[in-house]
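Taking it in order: structure first as structure tokens, then the write-up.
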């Protein structure tokens, strides 16, 4: 009640000031906000949380709720929405692990959630996300380790996807990303243009870790790699569905940059030849060659945040909802809660198969966490340059 | 028509139907080289449709169109040696006067200097000072000027036959009179064949060598203006010529008839005998009617009341009432003034019996 | 004035009425266009990779632009747009002519049919082409079942990008053209025929110049829309070429470099504005219509 | 002018061909929307045909939300841009005033602004003004871009306006307001209605501007795009097809009104102009 009162007063002041400036109308919607947001919840998320099957039960629980969810296709542009002033719009933001801790927290775009309320759920998660030694996975905590900045749920490895009718899994896992530099692959693969993933994978392809400052030689190597990969790609698309379609129809044999996230739907429809590859070795920390992500859903530092924001976070921990989130309409992924039998038992065989459950542990063990690339700006501009000046 | 001259245009049994409607019905006539020929008819008489067929913008449903003996039915307008001046003039709004006039020459691929010389000549011929008008935008020209530009443009095409679709109808009377005269002069000096379409017989009479009168897609009469004037073939033609008196009569045996004025029937004498019972019109021109002096006699005489008089300069036109609702028009010289009640008379030779 | 016409309390001067009529639009533009535009221009002068508006201006972004190969994207965008305009003019003019001068009920039908499809967001319609042209798509599938022909994907090349652009922007060319051709008086065309002009000559000397306002409006609309196009190259072209608009987009998104994106936008706007003004300078709607407006 | 039967047939054939090509992608979308599977090759067996996606589309509360947002934006945009466009068309084509030439040039400018950049610029600007973006800020953005188009469309009609009609009305003692209401608006009505159609159409399909200016109120094209690029389901083309069906009905109604009003205004012109 106190907050509502405060905001009314503030809005009144704002209105008075704006009216004086002759911009009275710009404040009208703010007044509307002041009416209270307990019947409103806005979620900015990756595809999945905005599916009707995830949202509808929550809608039923709260009669008259206006629940909006918008999906983005890349982390930075979602963050930019907040930076550009939509911080007053959104209540929850769902991004890959590194962004909350490394960018949004520092910029004050998100706020901590109640450790007390969510600890019981975290303690039941898979060991990768919580174990006695490590405690909570550091990506879910503020850099000083004191605050819980988001909840973990979906996860998965992200490297590349092949059609097993054309390329054997063993060979692909063995060769890893450099396989795409082979002249024999020219015109045989599509490039999923998710820029920040591409930049990381191109570093790995070039033979070094993306998560460090790069030497001029490495940058030059990166440039050549990017140019070769662009030149040899049969198609470039930002749309995984289009690439999967091409893979299934035999237009291409592999997709550069792809994960369980992008290929599980095709697998679920019975196209088992679509296979995600986590390379066995590579230039990453500990000689690993594979990347993994998990999503962190954080509460936006909205001055007038919906009281339902944390309720929603708790709602998606329900075993049946965990299963729904995992098997969201458009992307199927494992979730952190699958360590609990009441969650795991809800999955059918073909559902598990869609996200490679049989080899998932192996794949995750080969992977390191997705982080922000220190010299991402430089590499991205080289990447864009290579795309622009693409030959072929 | 001058029988010695070969016809430049021959229309043989031309019919045009739009669906069930017949706009032009079995029309035949010929136009001689160098002739000023006019098609006259009220609106809806098919004259514009006929004209559009002559220039090639419509195709006849039946019949043949021949120019210098060659059938041109299927020839598009741009392949015919004919040219039309439209009612709307259809000047090219995006071109100057000069460019409009030069258009046909440009189309023909004439050189710049040739075009300019010719345009200059034509503008002069049409009393448009080339220095002033050559670069003027047509949209800035007055009605009369536009008229002249349209004619100059048509002449520049140098057609064998020039068609006109009532181009003067939008102009005021004075300007129209002046342009009629000029048109005739130009026709005479260029020796071109002109085929003019108008709804005004008066206009036709002024300019034409020959006139064809159209009604409902059919030619009613064709001939020289004075021929038609002297001997209109029927009441329609007579009425079309302007102010005439047409009396509804029923033959009463021999050379007599009854004139039904609506309220009263007058017995009249006719210039010729008629089958009894036949319904006809009796044509009497206003100038053939005169007011009878005391004791004076005439072929026919009717008592009338003079209603109005209008001065026509040297003559005076009277509207006289025979019975209420039935008036006649009389034209007399100024010195023969009359007023009040009078006895109106005419000679039998001055009246004509017409098919109604 | 009020002395002579005491009944009228006040009278607008003719100039005032014009200015008044223009004012709602002018206000909208001031608020919704000029101000944001200034925002962009100003942002283009901010140091790279920042999100704050209140900093000392710098030209560093422009230096970056000229050092890099952005001109390539600009050339692609301008080139594709120009090709699209030319193709659409050729495709749409006969259709617009028929709609304006020949068809009767057919015109309404075509208008409905084309307008209806506009209701589907362009991305989805482009996706339709993907379904049609992909390997084993509608075209490929039909060729295979009917003729036993096996074809590869028809997608991911420059011609298909042009096809996509022509497809998406066709209505923006067609409708202005229909309006333009409608403005050519029938009798003027007939007069030209009558004066010996062939069909081609009538087209060149009468139809085209008199329908020029429609041609210009259509061409400019299509040019501008297609020069800012992103989706065609992305969805159909397999990003075979990178357009300037998608460069700008990626600066604002992945690269998180708003100032550079703003500077690019500024440059892009200046370029298209020059092209458009060059075209507009040669074309006076008033003169072509032969109409002078009164007060 | 003579149009021979062969010419007419030729033109009809051509028009048919253009329409066929134009509707080819729509046909493809229908194909995609009926497929049980997300990934398919054409032609797919009959047992793979399903109407499930249509059912999903019609019952999804999300889709309802998006449609309602798009409708609200479309209606407000159409009203605003046609009202503003009407007056600016008069300023553009009808009145002689001092800044007219400049105005004519500047009117077109917003069209020459890449839409995505305009959207971003507006987002920055709203942010600067401390305005929270929602569907109505998107309506402003759409109006900025669409008002020039409606101005042009109505201008074309305004150029054809017979000035003497307004003068005649003034001569008979009509005030400016009466002239506007009784003469100018009825005569420009066909132009205004087609401008309304265009405004609704362009607003409905607009993606680039909405993307940045709708805030949490996603418009339909945004959702379609997001769903297309990640998380594709045949429900996406199904929504597209439903869109077309809905549009066919709406367009029929709108163009019916245009036809009716054109006839009415023609009658009015004939009555007033006397020819």
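Each chain carries a letter (A, B, C and D) given by its place in the written order, and its residues are counted from 1.
Simple rule for what comes next: a residue touches a chain if its C-beta (ideal position, glycine included) is under 8 Å from a C-beta of that chain, and two chains touch if they have at least 3 such contacts.
Since we're looking at a predicted model, the values are computed, not measured.
Novice: With a step meaning a move to a chain it touches, how many steps does the shortest path from chain A to chain B take?
Specialist: Graph distance in the chain contact network comes out at 2.
Novice: Among the chains here, which has the CA centroid at the largest distance from chain B's centroid?
Specialist: The chain lying farthest from chain B is A.
Novice: Centroid of chain A to centroid of chain D, CA atoms only: how many Å?
Specialist: Spacing between the chain centres: roughly 36 Å.
Novice: Averaging only over C-alpha atoms, locate the centres of chain B and chain D and give their separation in whole Å.
Specialist: 54
Novice: Taking the mean of the C-alpha atoms as each chain's centre, how many Å separate chain B from chain C?
Specialist: Centres of chain B and chain C (C-alpha means) sit 55 Å apart.
Novice: Which chain A residues reach two or more other chains?
Specialist: 238-239, 245, 249
Novice: At least two other chains touched by the same residue of chain C: list those residues.
Specialist: 130, 136-137, 190, 193, 252
Novice: Where in chain D do residues touch two or more other chains at once?
Specialist: Touching at least two other chains: 1, 41, 120, 124, 228.
Novice: Can you name the residues of chain A that touch chain D in the complex?
Specialist: 14, 18, 23, 26-27, 29-30, 33, 42, 46-48, 50-52, 55-56, 59, 68-73, 84-86, 88-90, 238-241, 244-245, 248-249, 265-266, 269, 271, 328-331
Novice: In the complex of these two chains, what residues of chain D are touching chain A?
Specialist: Touching chain A: residues 37-39, 41, 56, 60-62, 65, 120, 123-124, 126-127, 129-134, 136, 212, 215-218, 222-223, 226-233, 235 of chain D.
Novice: Give the list of chain B residues in touch with chain C in this complex.
Specialist: The touching residues are 55-57, 76-78, 82-84, 86, 88, 90-94, 103-104, 106-108, 137, 139, 153-154, 157.
Novice: What residues on chain C touch chain D, complex-wise?
Specialist: 12, 14-26, 28-29, 32-33, 35-37, 39-40, 43, 53, 91, 94-95, 97-99, 101-103, 106, 108, 110-132, 136-138, 140-142, 145, 167, 170, 175-176, 179, 183, 186, 189-190, 193, 213, 217, 220-221, 224-225, 227-228, 230, 245, 248-249, 252, 261, 265, 268-269, 272-273, 276-277, 280, 285, 289, 291-295
Novice: Applying the document's contact rule, which stretches of chain C touch chain A when the two form their complex?
Specialist: Residue list for chain C touching chain A: 49, 51, 68-70, 72-73, 130, 134-137, 152-153, 155-156, 234-235, 238-240, 242, 247, 250, 252-258.
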